[in-house]
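Each in structure tokens, the structures are laid out below.
Each of the next two complexes has chain A plus one other chain: chain B in the first, chain C in the second.
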Partner chain A sequence: MELEIKREKIVLRAGTQKFEWHIEPRYWRNPFIYIGILLLATVLVYFFSPQTLPTLVEANLLAAIAIPLGWMTVGTGRMNFGPQFYIGAGGYAAALCSIHLGWPPAVTLLVTLVVGLVFGLLMSPLSIIAGGLYYTLLTLLFPLVFLEITFIYTDIFKGDTGLSGIAPFLSGGSYTGNQLMICLLSLFIMLIYMFIVDKIMRSKFSASLAAINDDEEVAEAMGVNVKKIKIISFAIPAMMIAVIGWFYAHYYTTLSGISYLPLSFMLKVLMVSMIGGRVQIYGNVVGGYFIAFMELFLISVIGDMATVMFPVILLILLLSLPEGLFGLYRKRRYREYLPTLHVRR
Partner chain B sequence: MLTTIETMLVYTLLLGSLYLLVSIGFSLICGVLRIFHLGYAYIFVATIYLTWMFFHTLGLPLWLSIILMIVVQAGIAIGIYKGIVARYVKMEEKIITGLLLIAMIAQEAANKWYPVQAAVNLPTTIIPGSLVIGGTEISYQLILAAAFGILVTVFFVLFFLKTKTGLAVRAISYDINTSKIMGIQVEQIYMFIMVVVLLPVIIAMLMIAPVWAVDPWMGWGYMTTAILISVMGGLGNIRGTIIAAFIIGLTHAFMAFVIKEPRLMNLAALVVVVIMLLFRPQGIAKTESLW
Partner chain C sequence: MTEILRVNGVSKHFGGLMAVNDVSFSINAGETLGLMGPNGAGKTTLVNLITGKYLADSGNVQFMGHDITRMSPYKRCKLGISRTYQIPRPFPELTALMSVAVSALYGKDRVNQGLEDAATEATHYLEFCGLFSKRNVLGKDLTLYELRGLELARALATTPKVIFVDEVMAGLNPGEAVKAVRLLERAKEEFGVTILWIEHVMAALMKAAQRVVVLHYGKKIAEGPPQDIANDPYVIECYLGSCHA
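Moving on to the complex of A and B:
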């Protein structure tokens, strides 16, 4: 057996067999490697630091919000600044059905999917009638108004105390064992989202998305059904984001609008997208893990100063990484066409 | 019923004038710089808490504290322009995220050092006492603030319509490239706008601080109103902003005094704005022009 380490690859010779492993990242394209790393990380955390499992869940969920948001952004050609509205809609739908009707998570998931899709369809005309500036400002306002509603109708939404008594995903068994299963579920959702959005972005449909993102009028002139694609690209991601609200409701067994609807939560999602790489599907995973673990690190190191330092560090990162962490990779390997966002007036 | 209508009309005028102060700067930035200044919320927080820091913590006289606060805010505004806006002018989402982070830093810092329990109370009352109109008691300070709202708006209108700098700003808002060709110093004008829009917000906050409650999170509420008014009026158009401010003021007063559900004020305003956008997607006035 002979091991040879070259500049770009490792060669292993065993008898007449020869195995090569390319070191350069451009050859690491097998998605199973990444899924394996994420699974391995989850299992390792379970054995060596089980108290960190909730941070992994948070990271997976942040990425799972940012991935469909990326699709929505590219497909509508506009940045939605209120994805947390759908988290609230999905979360409250699941929570209310669970508390008042006693439905289990599997059934509330169906309700959440319907509610998410309905709200997505109701809001989707905004991406057609409202221009870039107006669209951004209005999408920003919806979750804030929803938050106000949760405070107004306290008999339904229980205001800042929130709804409690939501059925958990798992009851009985060990706490860490349940946490591991929930963590794997969050990872599964995130990977499913990544698979769906990745397939869409590699399909013929993505050409229409990219055309809309680049120039709506030209896209329409070329025969792209802009309205239809915008509605699809708005409503389905909205439904996918609503599922994360369902997850939050059953994971914490309580749900309060103040936790997810304010701008601070939206900012975290935006930062996942920005730090990971602007509207990059894979970058969102990197961004999600980076943001979740950095928050945990800051809280453990500087305590309550973390609330001030967290946005400061995010700002520094935003300014120092023009294309995010994924951009560092893309800088070396710029291959595929990636739609770029434009300032719309 | 008559008293209710009187009260509603009085508050429409009061709120409309105050909302003008709150929103005119936001509208101008959006219209002239063509960016969403979502960090606008920091100005409200910085006005109160920087003044309080200089006045209460450092023990400086109030007038000096206000001057220092303005100087610091002007520095921050120029820093924001050079550090974020000018660098990422083609990356809309990056600018917005950066500006939101600025607002977040401001409110978190205010909350860290001066939480609600610190009972920040700026003594900026000019005229104490109150006036009874139609069965409603309104403080003189609030009336004065509303008067300032109208005065500042008149000043802005005259400035942008009658001065050479105002002409340059209008030219930029029409066509930036032609403005550059015509020799207008676009960078300087942008920085000037970033600083000048501080003025109405600073006046508004100093005037209403003794009357209305202040807390580190207040910026988002005011910014929400500013967004609604600017969108409704047509971003960057002063005439539209004036009309929209009074329409939103009327909506708020209607919800508070006729429907008697003040908690639904913002929701009602949002509904009004969305309905209006369905008929006039560009807002009340033409967005591309300043007046």
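Moving on to the complex of A and C:
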């Protein structure tokens, strides 16, 4: 194995394999700086305001839901209004396995991945069959139907009291220390998601996603296997979102559908997407932190009325910033989902 | 000349409307075949049946020995069938370069082709269509003439054997229309493609097409060299009314 560090790239050679990592010369676009800032912020919060750590966890998780949702939105050419359905599916799968079978979080994660993928695959034909308002209504409806099911089968899902006794991520040790580790785990999940989706959005696969998002009929006429790409872009993000359900279950050690399945939770995720800018991966991180801290602020100022304020804020955002915060930046540049390729003659 | 595409008794109805009724014809390799007919004659529906947007109710379509009647549009594209649209349908949020790169990437299976390779190939087609300077302009910001060029570049980037050109002159001024026709002729020469050209403008087809197929109310009413079609009394009646026939 040989590592070569050049000015513009890092080259790793392992046998016949060669891996290249290009260093972004524009420092403000270097992801390592932002990863460093997020890590530093987490550590600083731990030392100076440990009670804020759960807010950081919430921010990371909101961003981690919005990032795959962005992929799903572009890849299917439709906005899914029910990502919380997969949170519920993943969360309940993990919780039930943990309570009834005594499985630790590492094992329930595998179950969640399988359950998320299966539900994603089962639901993915929707993105082919249904379009427009029908797709919106159906995706909006599924979490609510699931919520009803949790009330009907109370012996399994325990209704609005929810399941309790789920194995925590960490037992023993100091509370704030555990909170820090959990916060770092949520940050790790979010960064992993960002890395995966960013890689996809920069690959040749993204060209087909962008074409489907713009006009799926023309994309198919140009040789894109629209159905396959839609199923992949639906099922894998669904699985990624389901992992967040697993995280919630083991983080709070209780899980009730009423916390995640209603529209109010979806509204928060939607706002994260709107603030960051639709399908802007980095924007979703900004959106996640903005919403988590705004919720904290609103609850401290207006209490329960905070839930009422969210739709109002969303409406204002839709009118004033239709392309989100990143839209302001992109107005000066070409507005597209892919990096513009400049080819010289 | 070898036959490249054969349409055998294809029919399609929408509810009570018979859009295409038992139409049969063939296209030879390297030929330009004109497809004409009054508005609502079923020309675009027929192209949609061949390119796979619609599935035929009866009949079949053979392309280079393959029965493509029930094949998905993307598979037909990979076999070598491409098209442009009557009303241009660009990818509005993609630049011209990326729009063509999508076709270069997915039009035909190529080994180890990356996004950058496809973009480099796309520049060739953009330059051919005179759009190289517009490569970084979004689809939604292009003019109608540029969109026609982009559609052709996108179709050519799939490395087709047959291109279905749907009313390329619609909405263009006379100067632009002449340029568009020249572009098609050059495409045929340089890339050796076969063209099925839907057109209302008879003068353009008279020059460019070797044969013309005429549709009326979904039925084929005439087929032959352009001069014969122009003098066919029934075609004249369908276009201009019985007093001109």
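Just so it is clear, the second predicted complex is superposed on the first by the 294 of 345 C-alpha atoms of A that agree within 3 Å, B and C clash if a C-alpha of one lies under 4 Å from a C-alpha of the other, contacts with A are read in each partner's own complex, and residues count from 1 in each chain.
Here, a contact is a pair of C-beta atoms (placed from the backbone, for glycine too) under 8 Å apart; a residue touches a chain by one contact, two chains touch by 3 or more.
Note that this is a predicted model, so its numbers are computed, not measured.
Undergrad: Thinking of the overlay built on chain A, is A:208 touched by chain B (first), by chain C (second), by both, or by neither?
TA: Only chain C; A:208 stays clear of chain B.
Undergrad: Looking at A:175, would you say it contacts chain B, chain C, both, or neither? Reply first, second, both or neither.
TA: In the superposition, A:175 contacts neither chain B nor chain C.
Undergrad: Going by the contact rule set out at the top, does A:19 touch chain B (first), chain C (second), both, or neither?
TA: In the superposition, A:19 touches no partner, neither chain B nor chain C.
Undergrad: Looking at A:218, would you say it contacts chain B, chain C, both, or neither? Reply first, second, both or neither.
TA: Only chain C is touched by A:218; chain B is not.
Undergrad: Looking only at chain A, is it chain B or chain C that touches more of its residues?
TA: The larger set of chain A residues in touch belongs to B.
Undergrad: Have a look at where A:226 lands relative to chain B and chain C in the superposition and call it first, second, both or neither.
TA: In the superposition, A:226 contacts chain C only.
Undergrad: Indicate the residue numbers of chain A shared between its chain B interface and its chain C interface, in ascending order.
TA: 341-343, 345
Undergrad: Over in the complex, which chain A residues touch chain C? Could you list them?
TA: Answer in residue numbers: 203-204, 206-208, 210-211, 213-215, 217-227, 334-338, 340-343, 345.
Undergrad: Provide the residue numbers of chain C that touch chain A in the complex, in ascending order.
TA: 51-53, 72-74, 77-78, 82-83, 85, 89, 91-95, 97-99, 101-103, 105-108, 113-116, 118-120, 123, 132, 135-136, 138-139, 154, 158
Undergrad: Touching residues of chain A toward chain B in the complex: what are they?
TA: Counting only chain A, the residues touching chain B are 73, 79, 81, 129-134, 136-138, 140-142, 144-145, 148-149, 151-152, 262-264, 267, 270-271, 273-274, 278, 304-305, 307-308, 310-312, 314-315, 318-319, 322, 341-345.
Undergrad: Would you tell me which residues of chain B are touching chain A in their complex?
TA: Per the stated touch rule, the residues are 30, 34, 36, 38, 83-84, 87, 89-94, 96-98, 100-102, 104-105, 108-109, 111-112, 220, 224, 227-228, 230-231, 235, 263-264, 266-267, 270, 273-274, 277-278, 281-283.
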